[in-house]
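Okay, handing you the structure first.
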Amino acid sequence: MSQRKVLQGNIIIAKAALAAGCDFFAGYPITPSSEIAQYMSKEMPKMEKAFIQMEDEIASLGACIGASLAGKKALTATSGPGFSLMQEHLGFAVMAEVPVVIVNVMRGGPSTGMPTKPSQADMMQTRWGTHGDHPIIAVYPAFSDEIFSETVRAFNLAEKYWNPVIILLDEVLAKAHMDVEIPEPGSYEVYWEKTHEISDLNIYDRNIGENPPRIDFFHSYPIHIDSLEHDAHGWPSFDAKTVDKMQKLRMEKIFYNLDDIIKYKEYFLDDAEVLVFSFGISARSALAAVKMAREQGIKAGLFQALTVWPFPRAALQERFKKTKKVLTVELNMGQMKYEIERIAPPDVKKQTLLRANGLPFSPGEVLETIKEFVK
Amino acid sequence: MMKIEIRYGAVGGQGIITAGALLVDIAVEMENKFAIESPTYTAAVRGGPTKVDVIISDEPIDFPHAQAIDFFLCTDQKPYDIYKERLKDDAIVVVDSHLVRELGDTRNWKVYHVPIINETKVGAGNVVLTSVVSLALTQKMTNVISYDNMVAHIKHWAPKGSVEMNMKAIEVGMNLIK
Amino acid sequence: MEKEELKANQDALERRAKKKPSAKNNKLTMVPLYCKGCGLCVHICPTGTLQLYDDPKNKFGASVKIDAPDFCIGCKMCELQCPDFALFVNYEEEKKEGGQ
Amino acid sequence: MRDYEKYIRYRTFPTPWCPGCGDGVILKSIAMAFAELKLDPDDIIVIAGIGCSGRMPTYFNTNTLHTTHGRALTFATGIKLAKPEKLVVVVSGDGDATAIGGNHLIHAARRNIGIKMILINNGIYGMTGGQVSPLTPPKFFTETTPYGNIEPHFRIRMLLSAAEASFVARETVNRLAQLKQVIKKSFLHKGFSVVEVMSNCHVNLGRRNKMKSPLVMTEYIKDITMSMADFEKLSPEEQESKYPLGIFVENTQRPEYTDLYYNQIVPAAQQADAKGGK
Amino acid sequence: MSQRKVLQGNIIIAKAALAAGCDFFAGYPITPSSEIAQYMSKEMPKMEKAFIQMEDEIASLGACIGASLAGKKALTATSGPGFSLMQEHLGFAVMAEVPVVIVNVMRGGPSTGMPTKPSQADMMQTRWGTHGDHPIIAVYPAFSDEIFSETVRAFNLAEKYWNPVIILLDEVLAKAHMDVEIPEPGSYEVYWEKTHEISDLNIYDRNIGENPPRIDFFHSYPIHIDSLEHDAHGWPSFDAKTVDKMQKLRMEKIFYNLDDIIKYKEYFLDDAEVLVFSFGISARSALAAVKMAREQGIKAGLFQALTVWPFPRAALQERFKKTKKVLTVELNMGQMKYEIERIAPPDVKKQTLLRANGLPFSPGEVLETIKEFVK
Amino acid sequence: MRDYEKYIRYRTFPTPWCPGCGDGVILKSIAMAFAELKLDPDDIIVIAGIGCSGRMPTYFNTNTLHTTHGRALTFATGIKLAKPEKLVVVVSGDGDATAIGGNHLIHAARRNIGIKMILINNGIYGMTGGQVSPLTPPKFFTETTPYGNIEPHFRIRMLLSAAEASFVARETVNRLAQLKQVIKKSFLHKGFSVVEVMSNCHVNLGRRNKMKSPLVMTEYIKDITMSMADFEKLSPEEQESKYPLGIFVENTQRPEYTDLYYNQIVPAAQQADAKGGK
Amino acid sequence: MMKIEIRYGAVGGQGIITAGALLVDIAVEMENKFAIESPTYTAAVRGGPTKVDVIISDEPIDFPHAQAIDFFLCTDQKPYDIYKERLKDDAIVVVDSHLVRELGDTRNWKVYHVPIINETKVGAGNVVLTSVVSLALTQKMTNVISYDNMVAHIKHWAPKGSVEMNMKAIEVGMNLIK
Amino acid sequence: MEKEELKANQDALERRAKKKPSAKNNKLTMVPLYCKGCGLCVHICPTGTLQLYDDPKNKFGASVKIDAPDFCIGCKMCELQCPDFALFVNYEEEKKEGGQ
């Protein structure tokens, strides 16, 4: 039977990763994510799983990708400065279609910034940080049980779509100790596809929209994996038609499967006059605020994105048919608000509550903004 | 609905982080509550003002930082000055009588000045035990967890060989305010 | 104070016991604001002049005090070793002389 | 068919290298070393960074991985730790290995992780058209040292010995038999190994330094290289511009990293776990 | 008198940089940008200016920032993989407010991708590639004379706003030899502010919206520069009010000065039925197409963004008052089109021409799309 | 006022370090070296990466720069090349200098660029709470080596000598007079210099290894360090865990990088230019 | 408006890049035209098919790649196959008679088969001079630049000591097609 | 061919001039598709068996030819040195023998 325990947010991630089958961790310490590596260094050897502290973040993600191609489920964890350093290898994982999970416990930025303060200012970097066109999946849990379930889901999505998946976490939650329900093994899905049989080494051969099959090294047909643009065999090719297809294969595996990938939660939205759009720690402020608003007779509701990339466009647009006010609450100077501006119809009024000074919003602040907005 | 919000303030802060964590452990694992402890640090590497918020409730907790504080325990002036916000009008406030001297407007708070640090050193023998002393003080003043659970948990949690010291610390805490 | 610090105090007293007060009237200056009570000065002083004490006003719990100023021989070991610029030996005096 | 051809992926031929480039020679000697050890191609992975030399994996009929510039060792570390029983070979150019990738090199050496590195020292950035590398000899002209190189070059055998490497050797593209032999030995060595191969980029280094033909440049390599015995006969000044050959370090005492991890840390952790404790 | 010369695109950048007062270059070779470094290695020593090839791109940008803080006008040049590696230091330059100019000659991505092929797929990375909230200026010349003038402007903007400025360039133009007018020195502005006198070391003390003054090392008042969030003295501070102000100071120096920063060109737009929005090499295809369309009686016009970040929102919105069709042409799988979606009113029909296979659009292809669109 | 206090920025005090941390001692000895050389504070810049040691620049009343983790040397290279006449000092922790920053370290050494580095070796990542570093001694317990460290540590004096460094020394926080002296000497040296300072992080390394007090840990440092003469009397096994002190390399022959650049390359380029040619 | 579009195709490509650059130099700096040369490489490090487009016009040039080619010179089969697109119906096409054998549909092109490479080696003494031979061929067949300017420019451009060789190469080029 | 290649040919002929045809009937196999005409085999062959020639069909301008097969002593130096897997010595024969 499952049981509510007290765990630090970082430790929930680590435990969930192990529960999802993670059997490789390479990382480099950085506040406020270091506890993940520390926990792994203690627990993984017990399970004969591999832990290594690398010389930097570039090396960490490189090692994870290598291990993944050798059949492991690999995890690394970092924060802003390290995540910036990982961008080149993030692109590699996209290009070669390698499942790997990266935790970014966001802290105040830019640069060294405020290592001990929360922020939600890496939202756009998560989507666009590496060069070239690339698909990205990013999940962003806010409540303790979600930290567990979204971490498991991140591994499943990485395996299914053969793509890097980023888990965003707030500094506040990474460091907090909180009650959490650790579900029984077997009560949640752990996705693992057997390595695919291939003919003619055509490892990337599939139709647009199809999930890539798991193909990795050491399965009796020696394969080639390349960071250069490549053909169905993985061999370098700049042939325009081939490239066209490969680019689409990579992008569309995500966009053909939005229903599977996108997850969100809706609170009090059915009759809402104002939709609060938020995620992570800000969604927790917003939820408290929405409840307070309801008590005061204000019809507010919350749309909490759990998948932040790809953006939950369709679900929001459905809501915008009825709800004509949207308030974006985020701990940055305006990032996901651009997505709302982009997808919300013009008859929907847009308001934001933004801040980037290291303090999360209090529910009262969100409530005030809602009240101003509904006036 | 039961919901209690507690704040600890100190410099350095390892002690109050432990106090908060213990409180949450007991509330969740022994008393079936929902609870969260969230620490806030400042810039200084060591010895900067730190606060720890603990919320304990019988319903899931939305926002993890305290908004209307029932109980505030603070062992230093600087964190007192910075973190005394968001206290309820009738909050219970316990400050170290040596280290927090300027209280400013105390509204309707019930304020207790007690020599927490000193008594810990003298009575329990090691300043590290401020965590347990603070926990006991909290238990006594708020009753948010039961005394028996606290004792049982500390016995289980304390490293072998230091159980006695920890029990002494509980005693110190229970007796600081009569 | 932890046992290591108590020992440093004890050792200092033992060293002092073997010395006589110094002939020169050396002056020690403390900057309480900066002293973190680490005890390095106590540990290093050859004459056992200094002692740590529990100091509730110090956020790290202890400070140093100039326990037996007349034993000081002005060797400046303590000033050199203090990581926090909290202890100076014959500071004003040398200032008057125009620096060291 | 030659035994070594089993390890060659002819379908991707011809190779992209300039006529006479040493990279092809090295490709062949590595394949010959595989053959002599009678390895299953699927038990091998060849990994490279970016550069002319970085293109080499494509042409091995083993598992192969073309990574990012300078980072091949990081991928290799992940693979070796994931699959300690595989032969993990890294091919790296001098720029790749010692400019952008220098840190990974010294750390792999320090860890003594059982990766087999072939460091192709052609003294130049070949792929990008001939800019100075940390192994370009002093005074040489390159695209970015038009007035001659003023930077001293790393001496790989010194640097790696100091970084605790347990196997360090140097050979040249002129001495195929010895090269193959040393590579084979390095494959049999348990820890991290580096075989530096002096190679000819006549096109991008030679051309700017009066050695535009492979025929001339391979002769130049012959001139500057020699046995350790001959090298030691030279004066320090003469040594400056010469390169001794052979195996410089072969330390079989130092434990290999994945060995330590799986056979020391894992049992220790499991024991600690069994003992319980909090 | 100025004279039309033949120069390679990369060399135009290098010459323009020298003309703009660039006196420090640190870089690491990468296709298709290496000629910039090569030219500098030859020319800079002649002028007693400093050139250095560093061990990687991280080091290159680090050295440039150091030199800039020591009073130099610094340049580096790279392409996708190197630009990804520079992201952490880009954030440093933003945080510490350091002028530095970075050329990104874009190539096919992601990862190693297609080093010899053109692409415009680093548009969003340019804006969002580093962690934390950060202001960015990016210019994107398309025609030879613009390559010169925008490079000079990039240096001026960097100096004026004390911020990193990115010059985007197309592989096609970087490698092409073309006629170009190198203007006479004196005929264009070269911005250089004398180092500011300060009191109390308050180097960051100013009002929101004000340009930062030039303050650098070795001017008789030893100053401190930090990658941590800091106060007006540059000393680390996480005080919420201070942070709030500093974040705004950094962002708003850009947004208060859009008129000075934003530059664009408009062709045939006054009576246009369809506005083609484009930049770089695609704008050249589009201009040819628009001229062909006009010949065929189709009222098409071109909006060519020269400043791509900040986005030329106001100018476009002005056009959208009359022109109700917008066609975004870009060599990627959809990046700046998101900006258009965001800012174009709903009554403006949106169409895109996108591709990421290494081939630039031919004018004919753009024309076809225009024709389809106006139907 | 002490002469050395001129170089201290008291306004930013107190320092953020734990009581007894060696960083404060090092701060003082560097300031004393400045004072003995009677330098104008504005002619100095102190640069650091990220770490406890990285916070040091804030407390010098000279030009100071707190950069990114591991990259201080890259900024310093830019500054030194821009202003060769300034004293460019880099302070770097062991993780900063040899983990993430290892590559910049060996390249600065190779170039022999006139940067003066103080490498604070406390054998641990202090700032992030005590994870293993490339200089953590074998078997030590850290937050990420809960079963003991299995990685060998770099020996800085070896690595840097091999990387062609022209000045390499080691001192400890226990020997202030010598430390100050060696730092001063390094400041007077023309090329790249590294002074490794053995320091105590009793809080994050000591605590996990039975040395939680600075008083104990500084004694431990005394125990493991000794003069080169004493060190050489030890057997190789004994040497493994000991650290000799003193100046190991002091090569005044090797030209400094910016010197070469401005006094050799610049005239060569100008001459080539004057000669014309195409 | 005068506008001529020229394409060169080869393997490797250094020669045709030089030819294009020379052509553009002369057109712009000596004849006051607008001009651009843009090369396109493929994946192979060395010896892959390469094309170079040159546009010369008396108006500024919008798009830098050739769209309607007047003159196409190609020295190898593979680049011929890949790059023979976008030729005008009446384009002039010059191919190496040894190396380009399969021409496919040649529409209304005026096709010349000449042994460019061989004649360069034999007549000018070094295959590197294909660049100048190609330039001369272009001059002759298109008249896009004047002969005199070409000669003057090559004399100025050629490294000291190799002027004669280069003049020979011009001769070879001028005589390849009678 | 450049002067270095011409010299390699010349040197080979000179070496050949000093040798006699080999007793063994060694068979040399060329893969024209892969040969880049670098001349390394010509340069290394101790018997001067091989020669470079201008080859318009080779995209690099030259190929190797087996100019005097009967001089070949089967030493395989050429095969070893060829960077492009374009030259094999007694390939079929050894295959029949079951590989080397």
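All chains are identified by letter, namely A, B, C, D, E, F, G and H, in their written order; residue positions are counted from 1 within each chain.
By definition in this document, contacts are C-beta pairs under 8 Å (C-beta built on N, C-alpha and C of every residue); 3 or more make two chains touch, one makes a residue touch a chain.
Source: prediction; values computed, not measured.
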- [ ] Can you tell me how the remaining chains group up by touch if subunit G is left out?
- [x] one piece
Task: C-F or B-C - the one linked by more C-beta pairs in contact - done: C-F
- [ ] Please compute the C-alpha centroid of subunit D, do the same for subunit H, then give the distance between them in whole Å.
- [x] 29
- [ ] Find the geometric centre of each of subunit C and subunit E from their Cα atoms only, then give the gap between the two centres in Å, rounded to an integer.
- [x] 59
Open item on the list: Report the inter-centroid distance (CA atoms only) between subunit A and subunit B in whole Å.
Closed with: 35
TODO: Averaged over CA atoms, how far is the centre of subunit E from the centre of subunit H? Could you give it in whole Å?
DONE: 55
Open item on the list: Going by the contact rule already set, what residues in subunit F reach two or more other chains?
Closed with: 17-18, 50, 66, 68, 99-100, 102-103, 107, 127, 134, 146-147, 261, 265, 268-269, 272
Open item on the list: Two or more other chains touching the same residue: where does that happen in subunit H?
Closed with: 2, 36, 60
Task: Multi-partner residues of subunit A (at least 2 other chains) - done: 42, 45, 55-56, 58, 81, 88, 92, 111-112, 114, 116, 226-228, 236, 238
Open item on the list: Which stretch or stretches of subunit E touch subunit G in the complex?
Closed with: 4-6, 114, 116, 143-144, 172-173, 175-179, 281, 284-285, 287-288, 291, 360, 362-364
Task: List of subunit F residues in touch with subunit A within their complex - done: 50, 66, 68-70, 99-100, 102, 125, 127-129, 131-132, 134, 143-147
Task: subunit A - residues contacting subunit D, complex - done: 24, 26, 42, 45-46, 48, 50, 52, 54-56, 58-72, 74, 88-89, 92, 217-228, 235-236
TODO: Spell out the residues on subunit D that touch subunit H in their complex, using ranges where they run on.
DONE: 1-3, 5, 8, 10, 13-15, 17-25, 27-28, 176-177, 212-216, 218
Task: Contact footprint of subunit E on subunit G as seen in their complex - done: 20-21, 24-25, 28-29, 32-39, 41-43, 60-65, 67
